[in-house]
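Order of writing sets the labels: A, B, C and D. Residues in every chain begin at 1.
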Amino acid sequence: MLGLLVRRLAFTIPMLVVVSFCVFSLIVLVPGDPAVSLAGENPDPEQIAAVRERLGLNDPFLLQFWHWFTGVLRGDLGQSLFSSQSVAGAVFARLPATLSLALLSLTVALVLGVAVGVLAAMRPGTWVDRVATFAASLGVAVPYFWVGMILVLLFAINLTIFPAVGYTPLHENPLQWFLHLFLPATALGLAPAAVIARQTRAGMTGVLREDYVRTATAKGLPPARVVGKHALKNAAIPVVTAFGLEASRLIGGTVVIEQLFALPGLGSLAYTSVFARDFPMVQGVLLVVAALVLLINLLVDLSYGYFNPRIRQS
Amino acid sequence: MTTTADTTAALARTAPVAPTRPGFWRRFRDNRPAFVALVVLALLVAASLAAPLIAPYSPEAIDVPRRLSLSTPDHWLGTDSLGRDTLSRLLYAGRVSLLAAATAVAIATVIGVPLGLLAGYVGGKPDWVLGRIGDVLMTFPAIILAIAIIAAMGPGLQTAMIALGIVYAPRLFRVARAATLQVRAETYVEASISIGTPAWKIIPRRVLPNVASPVLVQVSVMLAAALLAEAALSLLGLGVIPPTASWGVMLGSGFKEIRSTPLLVFWPGVAIALATLAFNLIGDGLRDALGRRTRKADS
Amino acid sequence: MSAPTATTTLLAVDDLRVEFATDHGWSTVVAGTSFSVGEREIVGLVGESGSGKTVTGLSVLGLLPRGVGRVASGSVTLGDRDLLGLSERELRSVRGNEVAMVFQEPMTSLNPAFRVGDQIAEAVRLHRGVSRRAARDRAVEVLDLVGIPHARRRADEYPHEFSGGMRQRAMIAMAVSCEPRLLIADEPTTALDVTIQAQVLELLAGMQQELGMSVLLVTHDLGVVAEVCERVVVMYAGQVVEQTDAVELFDHPRHPYTEGLLAAMPQLGSRGQRLSSIPGRTPEPWGMPQGCRFAPRCGYAVDACGEPPPLVTARSGHLSRCHRHDELTLRGAR
Amino acid sequence: MNTAGTTPGTGPLLEIEDLRVTFGSPGPRGRGRVVRAVDGVSLQVGRGRTVGLVGESGSGKSTLGRAALRLVPVRSGRVSLDGRDLTALRGRALRQARRDMQMVFQDPYSSLDPSAVIGDSIAEPLREHEGLSRRDAERRVKELLDVVGLPAGHAGRYPSEFSGGQRQRVAIARAVALNPSLVVCDEAVSALDVSTQNQVINLLEDLRARFELSYLFIAHDLAVVRHIAHEVAVMYLGHVVETGPTDRVYDSPAHPYTQALLSAIPASHPRRAGTGTRMLLSGDLPDPADPPPGCAFATRCPYAMDVCREAPPATTPVDGGGEVACHLQTSGPTLAGRTLDAAGVRAERDGSPDVVPAAVRDAP
């Protein structure tokens, strides 16, 4: 297992460097002189020159990257163009809300998805299966932001059970934390739950036809043991793969959901920075998000080692 | 019984062949959800295309006195905050949204599929390089990468679609590459090589037809995802720019009035859900209908 | 040859009908199969692909794939209990305990995610209710019994660390771990190389001797039958067409299909001769001939063969499903 | 391109010299696995002859067949067809050389493109090498279907509509379409039921006579090989351990492995079961990435001597034709060049590895 970890890290760390480079290069994509567009409305040449100086745009590109990257290694993501905030400070202030939202909705997705998928796979062709399959099709299709809006309408406006907007940190008031996150996490988690349910059902249906499942049944094991032990562990790999992809998509979805529910997270930071064209801030958010996705991929890869001894040992 | 072999050729000639499997279209049509989805999608597309003919009002005709009205004989689905007819806007928005999704997926297909075929068939260094580029692009959640590209190049429908196309290309690349790898390992490809057929003929004739089904399924599912992404971007004000209507734009402006007129977010949401559901169900239907016939198990 | 020895019957399959879901609805793939396996007897169940032999073997323990195959009628009796009438719970106490199975594909029949020893111990714990440690010791013991070297160490390995032959040995070890009365082996050597096949057949026969169990050996290979079986049941197109003891079958087949199979057996014969074969192919379950199911491929077919023939006693202890069993003189094995 | 001394029309059709094929790479710091699939094999196939290549899975026989057709990369050694060095050919020249050598694959379910009608598959070599028009190709396809005993009208059907035996006939039609001189049959009948198998073998025999084909017939079924092959080569762990005329090899095997293979064939009658000598081999094939240092078979050989575990055996001629690579034949003078039976060496039925044959023990 340790060998696997080392091998995966040997892949992840260079990826981080390349990703950093891509994130930084984004500024090159800006058509024309970025300083002109960044210097605000109707800039005069002095303002532009000031921006150029501040951004270090007069240096060669690779040198600029080097300055930025060594800063990143020290934990310095640069300064916001428009406020006195440091990018790192702003990002880490926003991280807890986004992480809370993501973890809560991923939990919803995993628990609900696997449960529904296993249930459907155990009774193929029955009404349980049909209802589950239909619900999953619907869950994949219905836009998560629309679900968010409808949930706000039903539970926050009409029934006023949950707050419609805002956020309370976990350490201040766990109950309020949960209440504020419940609607957005549900909205964000339903579609991944549906995807995971479909993947679980498909994987389990395939595995349940395998010879070794027949062997387990022929040994006299009860169905719960056959499904829960022998089948599930083998069906897990496509499910965790789907989980990893969904986790990445879900982090993307936080941009919209945080906007709808006025949550002070990374997504809304990205949103405001994009509108303000606050490039250092955009770069910082992108880098942290990419690092999060790489971390999830790393965990998913390590879980392969648990589920498949061949991967662990090779 | 004759056990001499001289008659075997003659008998093999008369031997019955397995009953012909129903054709692709029959199999697809027999899949009720997929078929219904295809009909619904066809209606949606037809209605959007015919918007100038069937829409009762111009999508931008403002009628402030009748703003935020509910369903009335004049405005079947009500009006928005500027008094514009919701039904007319939905129809026109459909054109924008569906076309946007189709453009993004077309860009992704044109980039991803040929490269996937190449990487999967040739292997080696090209495969490694393309694969790593894909990995890097996949490190960013689709919508966030799209936002970043839009941040650099400025908002607008065209930028949004190009951004989405680039973001989705590695996903199609992966599907095409994986399918190609699988087909590449099949004996019939080796048979073609052993015949002396060059790779540039094997790829379109032997590989592409057998890779087409997973790619088509992915395209169908991706159309749904692109539709959602366009809506999300437009909702945030990064995609289609008002006053042009797309379903996402309508959701965004409707959400501002959710306390007074919830119907405004209801209709565009239903339209998006219907279209994505249709794309997904068609994808499922394609997968089932295109899937290989499973080999008959022994006895 | 003598009639089958009057051993006590352990397994009796009577008029078994099995149906499978196909593109053409539910099709009958096993149509009224009857045969028996005596105590301490090795019986071969022989047929080509599509004959229904594997399905018959799976039906005994109710292992037909759910929603795909089902037993329509008939009975399967083990000792004095009707297995088809048992509840799922009662059936579980029979599976792996009184009746064990070994399958064709050693590469896929062991669960790749668990250690070999644990997979064997699982069955022991379940049926013997012994401690984890005792079950493990038993697993090592049976692995040793089937000739796996360094059994204690190998028990901790995963299936992918075993070769094909070793996996089949491990499957046999799992099957015999609870000392079953009956072992159903479904093509246990088909996927193996010839030298490994010889090892595994020798092992199966040895285990049968040592544990005094009965074996139902499902195979398409008459050579395997010749090596180890005492009695043979020949199936064609879902029916038993002939049943007798092995030597009698090879010497004096009473069904044209058996004659064809024997003639087509790979021989170490001389080069240049035409190899014989049975023309045509096995009918599909949804396109069975009205009368004798073999008639369209049979060189001896006459008008009477348009009627389905019954399975009758051609000689003492020798059953045949052929209208002409008493008038034809068929060739046995060379 | 005639680099060898042989000229077209004389000498063996296919000549393989000291061929080596490896898979995998040593990797950084030598931690990778290198499988020596074919390890120094020399073999010849004469014109109009059938050479049977037998061995168990992992012996490298399929790889050898593919390497002979340049379908896998050759590490070293030479393959020549009709005097022409195939190992030197690249790209277009290689593709053109392929018209003389074709292959029939094992699995009739995967060797035909499921998305193309069978007529299209059969026409592929015709279009590629003879540039036939659609219409001419269609006519030839019908003729070929007739040759292999399938209805000419079936050209427009998909592979899924055919049985295994019928598909193998289609694959054979494709292989003989260009009238090649060599056809490599890689386990061409082993996926078929026994009665169908015999039909296909008969067809192959007919075609050999009709089109003057030569076959390299790869199989694990020794009975089939005895029927079809003029000469036999036995492979074990990447090496050819014995070659010779079929009758000589089957009647008096000179290599212990050949003997073990033959003795493992199941009896054809219950009365013969358990009679004769059965040499049960212990254990499995060694890891081909880590072969034993001396003779590859030494780990399982009941006659293994010290020398067998140290040095690879040299090849010596055998009485009655062919060659064998076994230390018994070189270190034991009483045995040299004779078969195991003739030398009175018999393994016991339990095949105890401790059995040392008298002939060997007495050798100086």
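One rule holds for everything that comes next: a residue touches a chain if its C-beta (ideal position, glycine included) is under 8 Å from a C-beta of that chain, and two chains touch if they have at least 3 such contacts.
Just so it is clear, the model here is predicted, and its values are computed rather than measured.
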Between chain A and chain D, the fewest steps along chains that touch one another: 2
Of A-C and A-B, whichever chain pair has more C-beta contact pairs: A-B
Inter-chain centre distance, chain A versus chain C - centres from mean C-alpha coordinates, in Å: 53
Whole-Å gap between the CA centroids of chain B and chain D: 49
Whole-Å gap between the CA centroids of chain A and chain B: 23
Shared-contact residues (touching 2 or more other chains) in chain C: 49, 260, 264, 274-278, 281
Junction residues of chain B, two or more chains touched: 5, 8, 12, 15, 18, 21
Overlap residues in chain D, where contacts from two or more other chains coincide: 163, 165, 198-199, 202
List of chain B residues in touch with chain D within their complex: 5, 8-10, 12-13, 15, 17-18, 20-21, 186-188, 190-198, 201, 205-206, 209-210, 292-293, 295
Chain D residues within the chain C interface of the complex: 56-57, 163, 165, 193-199, 201-202, 220-224, 226-230, 246, 250, 260-261, 263-274, 278, 280-281, 283-285
Residue numbers on chain B that touch chain A, as the complex places them: 33, 132, 135-136, 138-144, 147-154, 224, 228, 231-232, 235-238, 251, 255, 258-259, 262, 265, 269, 272-273, 276-277, 279-281, 284
Chain C - residues contacting chain D, complex: 48-49, 149, 163-166, 193-199, 201-202, 220-229, 246-247, 250, 260-261, 264-271, 273-278, 281, 333-334
Interfacial residue positions of chain D with respect to chain B in the complex: 69, 71, 92, 94-99, 101-103, 105-107, 109-116, 121, 124-125, 128-129, 149-151, 154, 157, 160-163, 165-166, 169, 171, 174, 198-199, 202-203
